[in-house]
Amino acid sequence: MFFYTGCILAILGSIATVVGPGVKDPIVRTFNTEVAAIGLSLIFLVYNHTLALMTFIAATAVTTLILLRVITRLEEIGADA
Amino acid sequence: MINISYNSFLVIDTMNLMANVLINVVIAFLLGSLLLGLHRKIMARIQLRPGPPVIQHLLHSLKFFFKETSFPKTASMPFYVSITCLYCAIWILAVIIGPVTYGTLLIIFAIYAVYKIVEHNAGSSSGSPYGKLSCVRAVFSAAAEIPLFAVLAIIFLQTGTINIGDIVTYQAVHGPLIFSIPLAALVFFILILSKSPYSPFSITKGKDIISGFETEHFGVLRGYMMLSESIAWYVLLWVFLTVFFGPLSINGYLIGMVSITAITALINATTPILNPNHSVMSQITLAIVGIGGSLLLMFIV
Amino acid sequence: MDITTLGGNILGTIPLGDIVIYLTPFHLFMFVVVLIFTALIAMSRTETQVEAEFGTLKESKVSVGLSEFKTRRFLAIVCGLATAGAMITGDLFNITLFIALIGIVNVGIVSAVKQVDVLDAAYQYGIIAMISSLPLFGGAAMILAATGTLSLFVLSGIAATPMMIFGAILLLIGIAGETGIAPFFATKAEMFRTPGSPFILIIHLSSLMVIIRAIEVLLIIVT
Amino acid sequence: MSKIGKLWNALANPDRIPKLYSLVLAAFLLVGFLVPISLDTNQIYPRPVPQEQVDEESPLAPYDRGGKVLKTPGIIKAQYSENSKSIGMITSYMSPQAILVQSISPYFGTSIYSSPGGLIDEVLYYSRGFDTILESTILMMSFVIASWLVVNFTMNTRRAEKDSKNSKKANIKNINISKNISKIDSSSLNKEEE
Amino acid sequence: MNDLSYLIYILVVIIGSIVGLLISYKKHGEPFIFNDMDSISVIIAIIGWILLFNYGLFVSIIGFISAMIIISIALFLVTLVIGMRPGYGRKETLIGIVISAMLWFISYMLV
Amino acid sequence: MVLIPEVVPTITASLYLPAVYLAMIVGFLGLTGIAIQKKDIHILILTDLVGLAMLIMVAAVGTDLAEALVLPGLVVELAEIMAISEILISREMRKIENAEPIDRVIARKHSVFPFPLKLDMEIMTTAPNFIALVMILYGAFLTGFTGGAVAGGGILFYIFSRKARGLPVIVIDGIGAISGFSWCLWIIGFVLFFIAPQYWLLLLFMAACGLFLKVASKLGLIGAMMREEYKKE
Amino acid sequence: MIPLDFLNITWISIILMIIGALGIIWLIKPIDKLIMFSVMEVGFLLVVVSFKYLDVALVIALFGPISTVTFLLSIIKINDIRKRNKNNLEGEIID
């Protein structure tokens, strides 16, 4: 049950990341990857990969941090990248 | 007593091996440079020039050993010198693996890869812009020539071995491989073509960048480079003939080498050098066609 | 297919738990070559690129600064060691990790330069390196799922199934991306325009050596 | 022929390579749906059915692999168990504070077994330790790269001060000019963003 | 030791062509002119090619010389002519080949 | 009594196929997204998605080994995203610096270096101490990579919500040195594992604590980077 | 079938997660997304708790605020930047 919820969330999240509403804004896109990340976390949980899950949660937070830093930084210097 | 005799046998064996290596390396050098001279001569004749004598390439390589050696001020120092030694060493090793011990083809493949790296670094270590361009192009051409060499995977799938000696015995039983996997042979021939001087694929030594990676190597260093070039040409031809034409007598090798040299000379004399991107992509297309085609053939037959 | 038909007779193995490093003449040759190059890189200094300027009689010199030199040399040596490791390891997942390490270090070696074009190429290469972690690890995991082992020794004794071949091709795509053979050569080739010849040499060396090793590994898996 | 040539030239543009690569990979992933895929159940390092240990109310769930601390090894099915002499010992080991936590609550199995001793340590440090060396090396290298860039370039505070001084000077000097220019210029700058 | 003999042949070929080159430059310092044949080189070429083609015959006639030496001498003479400076020694080689081929053919028919 | 099965249980095996298909779908979506995107930053975000697909593929095997292999995959993703993002930033900065001088007056004046943020959030002043303390303690209990990540998250949060700005270079170097030493500790621990297995307990602690210190200090470094970014006035 | 049967922990957590996910996807304003993100995270927390892994739940609880704060900060900062850029467009020089 949770496994398939995880699958749905992951697919939904990735579709939303690619063509979701308002994804021209990089922040929105980063938020949408979060949905897929939660889906993946569910799958980890179903497989009982709890240690990997813990690490994944920590790593996702850090990755998001890095991505947001890049986004703000680029926005700041007015780069067209 | 037994021990001693065993040891002496070992000594004799090693001596034999050393002598064999020495003879084969010298043969590779001399025959290779003669073949390259012949290559040049044939190209000249096709282009209606008299051309230099056949031994000209050999004389050139020898000549450089007696010239003064100088080093560019901008060079990246230990590398600039050692790269020529490496160049020489890898091809001598190739002779040992190939004609002397009939070892595994994978090592020759690896040697070819190292050769591309040597080409690359000989270009970049001098600091000359021409060398630099040649270095970038070496990367391009490596991207194309390594897949060409990957054709040996086909040989492995066909014969079940990658050892040159075993391949020869396989061919003695089943007939030369060129009849069973002609596309692979074609791809390997393209590799040889790309290694031959003035070929449409030899972008690293195109005359638009003077002499490419050899531009800034003088004197003894250049002599070593030309020496290893000749050995390389010999080894490549030898590998091609051995792997695709089966057990040949030495006269067979001679005839094969001369005729392949003549064919490459004919092709090179009549084709222009390609733009680097086109060279890479046409080689890669040929590699894909060759490998894919032979795989298809193997599955169908 | 036996490992010895590909690389020659096994000279010895170094067991590190489940990861067994094995030595055949082929692997030994590759290992030694990479180590020689790494040693040379550790010793040599960089070249200076001299180019004539338009309109004047002056020349412009491009060379590598000291702190940049130190960082890049460090990364280059790490890259050399990683390549050497990738040559002799006998474990599938270990190889993919080595390749990932090579990829990230390669990006690092050129990341310190000042040319925008080179940085751009490094960035694009980095993106490819990231994408190719999917086929690399995915392929390795698929082979693990299909056979229940990651050891090349055991894998060489297992006959290929379609799933293993699929995994092997995934692995190949990953390696092709990570090492930048055609048709993905452009990003890597552009990176070579920067000065610092010994360091960019290792980029090229690692990619070529890894390709050769990868072909051997694929042949082990497929047959 | 010239079309092919143009195509080949286009392939040499670094900007297009990631896109090309991802297209190729995506196409190949689709092939994966045609390949028969199944898990070989004879795996190394197998684990019990998910949630089985929780249902049995084992305080060490889900990483309980048996064994007694410093006495008997846990059950581990490694590839080359002959290479790892004390396999299973790490899994069976628990540090004193882990034993304390175990006695407090039955729901902290994960953290007990990720503290020294435990399954992941067994795999990560003992039988497949080389992988972890590489993994941490990868992380370290990326940090070397990133921190080098940060320290020397993107966050160079000393240079920032210098530059801001310079630009201030320039600003005072060219205040009139910049006022005039800024209109044209900033609009051209921002046009790209919109 | 098969390889060794081939090494010797190659060396002989090289020495022959170098000597030929030197001789022809000594002899013909002038710019290239299409002149008539050089009788000495014709003779050398004919002898060389005959030796090369019919070494088996010579070995059977003169028992104490090994084939290797005869071939070496033959190769030396042949390449002496072939290796002359560009434009020289071509007709001579051709004549040598034709005559020796005829001779070989005749001897083949006879034996 | 614990029962470790000889083979993978059927439930896990039956989940394999959907999981792999899921990985393929997610990977396909991410890759097509990359293929149609034009801006580099969007491509960078989408590669994150591809990384997720990779993790699913590895995790789907469902053994202890798979879990152990997920961790390197995670680390590789994290590491690469960090290095590449830094390169992206530096590239854009170089681009702007190399732009025409007329642009530079304006572009540089307010853009290349981050400007301060006028923000006063309650959580940034009160929470960090507590959260960081809990996380570091918990991370120290966990040790290993997981513990390092948890504790590192705490350190990161702590550093980056401090008030002062202008981190001296020495501090960053110092953090780097700590992580380098702990990395060596870990390597020594691992090598000794095979030379002297009888001391495995000591070596286990060495390795676990080395890795913990290393990862935690590294993540703290990110906090230092972030603090520059979101500095306050 | 009693409607209250759906009020078990499984369905609640799934519904929470789905609502959160849909909310993140359909709402465009970043702040709204942040709120929906919290909803989704709570759903996930519920799942973890129902699996009886309290330590994992602890980690999630600890990292929740961190991600929220990061998101919040960057949203605020980006809004700030965009405002400035807009002002800049109107010809105002910011020192």
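A, B, C, D, E, F and G label the chains in the order they appear, each numbered from 1.
Rule of thumb we're sticking to: contacts are C-beta pairs under 8 Å (C-beta built on N, C-alpha and C of every residue); 3 or more make two chains touch, one makes a residue touch a chain.
Because the structure is a prediction, the values reported are computed rather than measured.
Peer 1: Could you leave chain B out and let me know how the rest splits into touching groups, if at all?
Peer 2: Without chain B, the chains split into A, C, D, F, G | E.
Peer 1: Moving only between chains that touch, what is the shortest number of steps from chain B to chain F?
Peer 2: 2
Peer 1: Identify the chain pair with more contacting C-beta pairs: F-G or A-F.
Peer 2: Looking at contacts between chains, A-F has the larger number.
Peer 1: Among the chains, which has its CA centre at the largest distance from chain A's?
Peer 2: Of all the other chains, the one whose centre lies farthest from chain A is E.
Peer 1: What whole-number Å value describes the gap between the mean CA coordinates of chain C and chain F?
Peer 2: Once rounded, the distance between the two centres reads 23 Å.
Peer 1: Centre to centre, by mean C-alpha position, how many angstrom separate chain A and chain C?
Peer 2: 29
Peer 1: Measure off the straight-line distance from the CA centroid of chain D to the CA centroid of chain F, and report it in whole Å.
Peer 2: 6
Peer 1: Among the residues of chain G, which ones contact at least 2 other chains?
Peer 2: 51, 53, 55-56, 59, 63, 66, 74, 77, 85, 88, 95
Peer 1: Out of chain C, which residues touch more than one other chain, so two or more?
Peer 2: In chain C, the residues touching two or more other chains are 16-17, 93, 97, 100, 104, 107-108, 111, 120, 127, 131, 134, 142, 144-145, 150, 183, 185, 189.
Peer 1: When you check chain D against every other chain, which residues touch at least two of them?
Peer 2: If we look for residues of chain D contacting two or more partner chains, we find 11-12, 18, 20, 22, 25, 32, 37-39, 41-44, 47, 50-51, 62, 84, 110-111, 114, 120, 126, 128-131, 134-135, 137-138, 141-142, 144-145, 149, 154, 171, 178, 182, 186, 189-190, 193.
Peer 1: Show me, using the given definition of touch, all chain pairs that touch one another.
Peer 2: Every touching chain pair, ordered by label, is A-D, A-F, A-G, B-C, B-D, B-E, C-D, C-F, D-F, D-G, F-G.
Peer 1: Please give the residue numbers of chain G that touch chain D in the complex, ascending.
Peer 2: Result: residues 51-56, 85, 88-89, 91, 93, 95 of chain G touch chain D.
Peer 1: What residues of chain B sit close enough to touch chain D in their complex?
Peer 2: Those in contact with chain D are residues 275-278, 280-282.
Peer 1: Mind pulling up the chain B residues that touch chain C in the complex?
Peer 2: Listed in rising order, the residues are 73-80, 82, 86, 90, 93, 103-104, 106-107, 109-110, 113-114, 116-117, 120-121, 124-129, 132, 135-136, 138-140, 142-144, 146-147, 150, 153, 156-157, 160-163, 166, 280-281, 283-284.
Peer 1: In the complex, go through chain F and note every residue touching chain G.
Peer 2: 109-110, 117-119, 121, 123-124, 127, 131, 134-135, 138, 150, 153-154, 156-157, 161, 230
Peer 1: For the complex, give me every residue of chain D touching chain F.
Peer 2: For this pair, the touching residues of chain D are 18-20, 22-23, 25-26, 29-30, 32-33, 37-39, 41-50, 52-53, 58, 64-66, 70, 75-77, 84-86, 89-90, 93, 97, 101, 111, 114-117, 119-121, 123-126, 128-147, 149-151, 153-155, 157, 160, 163-164, 167, 170-171, 174, 178, 181-182, 185-186, 189.
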